[in-house]
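Each structure below appears as structure tokens.
Two complexes, one shared chain (subunit A), two partners (subunit B, subunit C).
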Partner chain A sequence: MRGSFPFRAAKVSLRGGTPPARSPWRGGGWPAAGIGLLLLFPLSSPDAFLLDVFTTGFLLAAFAASWDVVGGVSGQITLGHALPFGVAAYACALLTTLAGWPLPLAVAAAVLLAAAAGLGIGALSAPLAGPFVALLTLALGEIAHEAAVGHTFFSGPGGYAWGGEGGIPVALPWRDAAPFPSYYAALAFLCLASFGMLRFSRSGAGLILRAVEGSPITALASGVPVARFKRMAFAVGSAFAGAAGAGFVVHVGRATATDLSLELSFQAATFAAVGGRGTIVGPVVAALVLHVLFRALSLPPSARVLLYALTLLVVLRFFPGGVAGTARDLASRRAGKEGGRPPRPGGRNRNGDEAP
Partner chain B sequence: MTALLSAEGVVKSFGPTRVLAGIALSIAPGEPVGLFGPNGSGKTTLVNILSGLLLPDAGAVRFEGREITRLPLDARYRMGIARTFQIPHPYPALSVREAVGVALAAGAGNRTGEGGDREEGEGPEEDLLARTGLFNQRFVPCARLSQGCLRRLEFARALACRPKLLILDEIFSALSAADEGDLTALLRAENRDGGTAFLLVSHNPPLLKSLCRRILVLEEGRIVRERAVL
Partner chain C sequence: MASPLPQVLLDGLFAGGTYALMAAGMALILGVVKVINLSHGAFFTLGAYVAYALAGRGVGSPLAAAPLAAVIAFAFGVFLGKSFVNPVRSHPFALPVGTLACALLFEQAAQLVWGPHPLSIEAGAPWIGPGGLVVRRWGAVAFLSSAALLGCLKRVLSSRPGLPLRLIAEDEEIAGSLGMDVEAIRYLTFGAACAMAAAAGALLSPSGAVTPTMGRAPLLLSLVVVIVAGMESVAAIFLLSIGLGVFGNACAWLLSPQWSYVALLAAVCLLLAARPAGIVATAGRRD
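And now, the complex of A and B:
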């Protein structure tokens, strides 16, 4: 089978390529401490507003991490990542309200639809590179946004008209979601989704995506079907974005055109740039911190957008690797790596040099 | 005997400039062939067409009797045609071991029965890196490699698919004597022991004479001479 790409083999043969520097994000200590604090936070009797800020923050953090799968790990800078998020949100609303599907089935279908949308975007953008990917995804996202703003759905002859600016409600099996269960459900979703995305980014497929990001031509010359892996990145990232979108719409109870907006796509890209592209955990932390900080300050939306833009400018100028990238560089310098892991004492040095 | 790689009537133009004007060549299995020519004679364009990076305007390329003219670079690699670049394009964020691992993953189907004297936890990556003299640099990010090590990495990447044909574009240019000696020995061993054919592009006639059985001379997009090396 010389002609086909043995994808399964990659998972086995690529393990163990860990660089010697220990990144603070690689250990489980920091994330575990953060999750512990978030688990205990509701016990401090916060008000419902703050719990809501955190709940939406968890869902946005998962969304930012899903952007990182596409834009960070595989380097396909997308400015239309709200599209799979919004597709899932609208699918959830339409399937429960108009088609009468049970919520779990609607959520599953919404996630699949988002993945399919990602696959389509990936197929269109695979032959493109760099800014053209950003332009294409921006255009696709805006088309979806305008369609959502302009389209009206009817519940039947003489029935309700939904859609447009007002959006579409979701038929939920409960009347009013209690803040505490919503908070913990969103936190559990964030942990599971982040774990899944981290596993993916550190798998054989993730390594090949990082190779594609680093040098597509060398990846091609190494036998990697680059277009297929780009489509895969879009599909996987969009599936997680769709899951976040479904969770979001279940939390707020209504799908609106804002779920497909450029502002949301831009927000995800900002979170990833600030946290550190390609690290998954960095964008999660950045999304949580920035969202909670800016919402807790009760800033108007226009001021929040300005602050996001300023934060992005400062980070790109002074910390191009984001917080996680800068921390990793500092750790590498501290470790003083001078040419990689030294040969084991007494062990054989296969370059033919003497081991110390 | 069926040629391993053959090209017939290959023509390529960039705008009004005709770079290749009807190239015909043939490489037998296990044959070491050199390609020599002045700057601008079309060597790299020919290499790009033979390896699948460029499509010719006319003509055909065949590998083991099968037409592969429109087959892309990655598919040709998986068939056993590996190429190196005159200017390496390393993966900046990946370690040397990871970079070789990516290529090994693509060619994994061709490496059954490999073993050697591996230590526990070592894989085919280590074997390949030891052979190319990169074992001690295996955890170094590719972005931090010297020019010599980058050429070694190119070689390791090309060897990862157990190629039947290596297309080496100026792999020996701007190398130290030690690096050149190591890579020359490695190429000879691959050709002698592994039966790997190669097309070596170089500006260095003594080097071509020492490594190749036949040298093709390219001038203004045509093969003007073919010399057998005794």
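And now, the complex of A and C:
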């Protein structure tokens, strides 16, 4: 994204002066070109399956970016990020079918509920350090999953048993969602959500969260209420995850226990690791590419999860900062040789790699 | 038929005693390698599938399957420890996510090979004890072998050959400066701990259904044991595992099998919420 030549020259010439005001899309034209291509794609009359793969991919990409708000920007490694996603999905389904709420109201309530769930997870995990955050979030996610698998909801007069493995249907105001509006709605949602998350990650709060990730003790000593900011990171990330979950359930038409599964949480972490943690755009791109690639191979679901796990292991082993992160480090190292900003000696960069 | 309670307690005792073998492996990894290994449950599952495959070829005894499962798991564990865990040890992100990836990788591979459906192993006729108490043969064998192996582990750890392990757990820099190959001891310990998990899985395989995700509950049980009992005392690990085994079995009997897993999950959450500082101190210093 970063580092085309004129941009770097401008940065060097401005060194010491006031930094230029940056738009959140500081990657220049590439995201715009990508969006343009995605907008054009349905016009090439692809088949309905591919269109559906992309629509799901957009929602998954927004979910991956919301993982990045929690796990990348603020460094709280969550392995239960499917919880807000699934909570919103189930809330959407239950509120529309059992309570008869109109869809927009149910979606809004679902997003709020997901944010509240995130606030709760954040409050529980704020005192914990390192791998214990991963452990706690994993356990919470699995509890939610087991509850969804084991609980059966009953509808009133018909007496249908809902819940369990079969999931709960959503009452939608339309009969059959047309593929084109779904595609464009999901794409618009992805653009809006990633824009919002980029704004958040580059705002003052995002900067403080990155400081908390770098060194909680230093942040605490500088007067940052660390626990409050951790809660905020979880709440914001979970709200976006909930929005993605609500969008997903509206697209698919049914909330199932897989929306809460460990595999889904793990997928989000995989996308973030491959795309580069803390970049928001990286996980979005990684999610789109990997999802479309693996779905287009038409493998059984378990083979797909297997491929995700393999990809992640290879990436973690050889590019611990993510593919994009390692490429960026290489680029900045080269820039350092050319007389740009020298890398910090002996320190660690924000991906945890040893600086050269 | 008398009250089922003694039966529940006895089966819980057998299962918990065998889980202790796996939990001790988890404690070894936490102490010597100083990481939390989320793929520990996958090795348990591996052991169970090895026992199932052997049972299909006429070797019915889990006692025969356990050594084979242990050797296979040792090989995979050494590979995992040397090629993945050691290089990424200092990355707070790569370690939990990577070991979870290993676990999911194995779960999905097992699902592709053996299918998602529960499989069962014929375990032979049980002994009928006093008062209609059913003493399952595999259970007694598993409990006794686990206790024997843990006794050996305790002896090894407290004698001269176990000294490097204890020294690395205490201070790896001093161990390195004394000429010990810290990295090699780490991955060998990792492999041995994985072998212990697989042996436990093979020994316990006739107790219930063999499924790809069967390792998740024992993994959580080991985590709870390690968090509460620490890594110093093998006896504490053994007793706590038995307690949790009985507790899990009672939950499964009173509510439903699924609830013992949820109870373990809730225990992890409560423990982490109740004493975060104590657990962080237990896990030792990273770097």
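Just so we're on the same page, the second predicted complex is superposed on the first by the 307 of 356 C-alpha atoms of A that agree within 3 Å, B and C clash if a C-alpha of one lies under 4 Å from a C-alpha of the other, contacts with A are read in each partner's own complex, and residues count from 1 in each chain.
Definition applied: contacts are C-beta pairs under 8 Å (C-beta built on N, C-alpha and C of every residue); 3 or more make two chains touch, one makes a residue touch a chain.
Here the structure is a predicted model, which is why all the values come from computation and not from measurement.
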Contacts of A:V224 with subunit B and subunit C, given as first, second, both or neither: first
Touched partner set for A:D176, first subunit B, second subunit C, both or neither: neither
First, second, both or neither for A:D47, with subunit B first and subunit C second: neither
First (subunit B), second (subunit C), both or neither touched by A:G278: first
Touching partner for A:E263 - first (subunit B), second (subunit C), both, neither: second
Subunit B versus subunit C as contact partner of A:E142, first or second or both or neither: second
Touched partner set for A:L313, first subunit B, second subunit C, both or neither: second
Residues on subunit A lying within both footprints (that of subunit B and that of subunit C): 352
Subunit B-touching residues of subunit A, taken from the complex the two chains share: 1-6, 9-10, 13-14, 16-20, 204, 207-208, 210-211, 213-215, 217-226, 278, 339-341, 343, 349-353
Of all residues in subunit C, those that touch subunit A in their complex: 35-36, 38, 83-84, 87-88, 90-98, 100-102, 104-105, 108-109, 111-112, 116, 216, 220, 223, 256, 258, 261-262, 265-266, 268-269, 272-273, 276-277, 279-280, 283, 286
Contact set on subunit B toward subunit A in their complex: 51, 53, 72-75, 77-80, 82-83, 85, 88-95, 97-99, 101-110, 121, 123-126, 129-130, 133-142, 157, 160-161
Residues of subunit A that touch subunit C when the two form their complex: 71, 75, 77, 79, 124-125, 127-132, 134-136, 138-140, 142-143, 146-147, 149-150, 262-263, 266, 269-270, 273, 277, 300, 302-303, 305-306, 308-310, 312-313, 316-317, 320, 352
